[in-house]
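What follows is chain A paired twice: with chain B in the first complex and chain C in the second.
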Partner chain A sequence: MSFAERMLKIDRRIIFLVIGLCTLLPLLYPVGLPIKISSEVRGVYDHIESLPERSVFLLSIDFDPASKPELYPQAIALLRHAFRKNLRVIAMTLWVSGTGMADQLVTQVAKEMGKEYGKDYAFLGWSPGGQAVIINMGQNLYSAFPSDYSGKPTKDLPILDGVRNLKDVTYMVSLGAGRPGVEEWYVFGKDKYKFEMGGGCTGVMAPGLYPLLRSGQINGLIGGLRGAAEYESLIGQKGKAVAGMDAQSATHVAIIVLVIMCNVFYFSLRRTSQAQGQVG
Partner chain B sequence: MIFLRRQLPLLITLITGLLFAGQYYVPHPASEQMLTSATKWLQIIGGFALILGVTSLFHQHAVKIKRQEAGWGYSLILYAGMLGTIAVGLWANGKESVNGAMTAFGWVYNFMMVPLQGTMFAILAFFIASAAYRSFRARSREAAVLLVAAVIVMMGRVPLGEYLIPLSGDVSSWILNVLNSSVRRAILIGVSLGAVALSLKIIFGVERSYLGGGKE
Partner chain C sequence: MDATVLGAWVATGLTLLIFSFLYKDNPLFKLAEHLYVGVSVGYIIVKTYDTVIVHLVVKPIMDNGEIALLIPVAIGMLMLTRYVPKAAWMSRYAFAFIVGMGAGLAIPRTISSFILKQIEDTVRPLLSIAGPDGLTFSMNLLNPASNLNALIILFGVSSVLFYFFFSIEHSGTGRAVARTGIIFLMISFGAGFGYTVMARMSLLIGRLTDLIEFSDASYGRPTIWLTLLTIGALIVISRRARPEPPQEG
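Then we have the complex of A and B:
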């Protein structure tokens, strides 16, 4: 077996080790390379920045713990920004398995920013039906969520004064890891009830949402850990996303090097076999 | 019986399909009220669908355990996990914490579900790297184009990539905004037109497979 053949059949545990080290070492010894801000992320930031105080900001936390590493930092950065701007924050989720995590997330950031439940923010929890919940909220928010996550009637929450349905929402961001997520919020929500909307998603989903972004159907997109790191940089509160960017950088470069290596060995093997074929 | 099995569902589909397609364009309060009621029904049906899903899962794994099929031990673990979670969930009234104190349901969520789901997602990076090494080869011109585009986007999406090749960020952004967007949009338009065509076929009773193939 030639060297190229041996390298192409390399034990996958070696690849696992390389990736493991590329993730671990930058986390232990961060480099802190500068992060360039993209226009997609700036779109969401600038819109929140332009909102007057006490505007209604709806955050739909449409993911579960599987996507926590990428979307949790996005949600934290967005909530910090919204609370800093004194917006009325209404949080909810369309993913039942993300309910507990979303509750902890909102409570944690609200506590950190000194916000009061019911007056400055509310967490509506989860309601069954997926996209039907969006339409129902567009028709009547109190019908979709008669009570909040803690069981208090939503009609008694001062934060919802003057909010009847999605038409009364000033800005909405869906942080989605799949369906229902950003696309459903646009199709069943924004299109009919005409509120301004931005999106956040995992890195692998981001390319699929670019058509919505380019056509102006969403005014910004926070994609993956990179998007979260950009948002953290914009609000000036660097957190887990910025810390994770070094690890992601090293992992991406490692995968690229592996792919190049595999192609070099593949072509060398192909050339050898072609040469042998000509001789034979 | 044929009327109940075939004609009535087709009639309901025809009427509701046309009614709600038209409803979108009628902003009258009565029309909006109808939509509010219908979406409430949909939410209730969604709740029942959840029960149906859980029941079906229980049934499927019960059969596996009963017949002691390969991997029936995993089904047993699934049963224990589901029943245990349902029991603690009901006990805690679905709350992860009460007055700041974590409930048993909260413990299951925070210390079992969150790390398990996180682990499943995290190990993907290792398998993707291994799969990329084994299969991402420029065997044809199309594969080569895909390979080059992937390398540029991967470089352009991380600070180290932009530091090593400063142009990679802009090129990556161009690929995503222009090439990717236009192709995705074409796919989206195709899929949407297909969905409209299928909806019309279902509404007018041309497509009937959703009725099932039971006895007439």
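Then we have the complex of A and C:
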């Protein structure tokens, strides 16, 4: 068996080990590679930055713990930015499996920023129906969420003073890991009720949302852990996403090297077998 | 034991059990997999019951007398007639309501958002070539709004659409356009794969970050102890699974 053949039939556990080490070592010994801010992430940041104090900011946390590593840092960075700008933060989720996590997330960041529940922020929880909830909120927010996550009537929350439906929302960001998520918020929310909107999503979903970004249907997009790291850099509070960027770069290099090596071995093997065929 | 510390031990243990699949399929992985499915479904059932049945149906009817809510409840209950063969036909009314409402809501909005708006955006940038100062053409590849990029996108959209147009034979010029469409599709798949790799690595980074955090003494070093325990269990399992050598004679 030639070297190329042996390499192409290598035990896949060796590749797992290489990828594992490429991820683990930079996490233990960070290098601090520079992070370049992309225009799509800056779009969300600049818009929040331009909002006047006490503007209504709606954050829909449309993911569950399965997507936590990518979207949780995005949510933390967005909430920190919104609280720092003294916006009225209304959080909610369209994913029933993410309700507890979303509550923990909002409560944790609000506590860290010294914000008061009901006055500075509220968590509405989950309501069934997916896209129907968005349409319902567009008509009457109190009908979609008669009570918040803790069971208090939403009409009694001071943060919602003057907010009747989605038309009263100044800016909205959906952090989506699938459906319902960013697309549903655009189709049944922004396109119908005309409010400004940005998006955040997992890396897998990002290429599918770029057409919405380019056409101006959403004004910014935070894609995956990389997007979260850019946002953390923009607000100047580096967290888990920035810490993971060295590992991300190292694994990408490892995968590129593996892809190149596989192709080299494959073509060399094909060339050898073709030469043998001609001789035979 | 503090809830955070207990949570750290459970999270670490389940992460390591799932990771044990990288070595090979084994009962530890199966245990963690079944726990994940069971806990997820249990959580969803409890949350749905509490939010929908208790807070959105029972409380408004009992406390505020919102009797009109009985109409959607009745339509929803029709779904359950699927379990009674003689009354199963009644569930069709509920399905008809859902399909009709879903289609009515989705079709116009989807056409508006994903077809009309995207067509408009594909063609509109070309109009900027003929501006108030006469004809201009920007060549900057890095600017998404440049005329060159607008042309590339228009050509890409047209060639990919042509590739999926099977009513005429792809030969001569048509073949060249269809081939170009394939190239655009390949670039799109490549971008998608790249982002997928990034996403999967992010998940790995997330778990490893937690494992590093939980190796701290304040949690009782669950990462170290449970890694040793998992490795030990895997050794025992693989020894037990080893087939007996055939007896001679």
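Basically, the second predicted complex is superposed on the first by the 280 of 280 C-alpha atoms of A that agree within 3 Å, B and C clash if a C-alpha of one lies under 4 Å from a C-alpha of the other, contacts with A are read in each partner's own complex, and residues count from 1 in each chain.
We take it that a residue touches a chain if its C-beta (ideal position, glycine included) is under 8 Å from a C-beta of that chain, and two chains touch if they have at least 3 such contacts.
Only a predicted model underlies this, so the values are computations on that prediction, with no experimental measurement involved.
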- Task: For A:217, decide between first (touching chain B), second (touching chain C), both and neither.
- Result: second
- Query: First (chain B), second (chain C), both or neither: which does A:51 touch?
  - Reply: neither
- With the two structures laid over each other on chain A, which partner does A:113 touch: chain B (first), chain C (second), both, or neither? neither
- Based on the superposed arrangement, let me know which partner A:34 touches: chain B (first), chain C (second), both, or neither? first
- Message: Looking at A:146, would you say it contacts chain B, chain C, both, or neither? Reply first, second, both or neither.
- Response: second
- Message: Once chain A of both complexes is superposed, is A:4 in touch with chain B (first), chain C (second), both, or neither?
- Response: neither
- Message: With both complexes superposed on chain A, which partner does A:126 reach: first (chain B), second (chain C), both or neither?
- Response: second
- Task: Could you tell me if A:243 is touching chain B, chain C, both of them or neither one (first, second, both, neither)?
- Result: second
- Contacts of A:136 with chain B and chain C, given as first, second, both or neither: first
- Item | Chain touching more of chain A, residue-wise (chain B, chain C) | B
- Task: Touching chain B in one complex and chain C in the other: list those residues of chain A.
- Result: 16, 19-20, 23, 68-69, 96-97, 100, 127-128, 132, 135, 192, 203, 206-208, 211, 214-215, 224, 226, 248, 251-252, 255
- Note on the structure: Residue positions on chain B within touch of chain A in the complex are 24, 32, 35-36, 39-40, 42-47, 49-50, 96, 106, 109-110, 113-115, 117-118, 120-122, 125-126, 128-130, 132-134, 136-138, 147, 150-151, 154-155, 157-164, 169, 173, 176-177, 180-181, 184-185, 188
- Query: Mind pulling up the chain C residues that touch chain A in the complex?
  - Reply: 22-23, 40, 43-44, 47-48, 51-52, 55-56, 60, 105-106, 109-110, 112-114, 117-118, 120-121, 144, 188, 191-192, 195-199, 201-209, 212
- Message: For the complex, give me every residue of chain A touching chain C.
- Response: 13, 16, 19-20, 23-24, 27-28, 68-70, 96-97, 99-100, 125-128, 131-132, 135, 146-147, 151, 186-188, 191-192, 202-204, 206-208, 211, 214-217, 223-226, 240, 243-244, 247-248, 251-252, 255
- Going by the contact rule at the top, pick out the chain A residues touching chain B in the complex. 8, 10, 12, 15-16, 18-20, 23, 33-36, 38, 64-69, 96-97, 100-101, 103-104, 127-130, 132-133, 135-136, 139-140, 143-144, 192, 203, 206-208, 210-211, 213-215, 224, 226, 245-246, 248-256, 258-263, 266-267
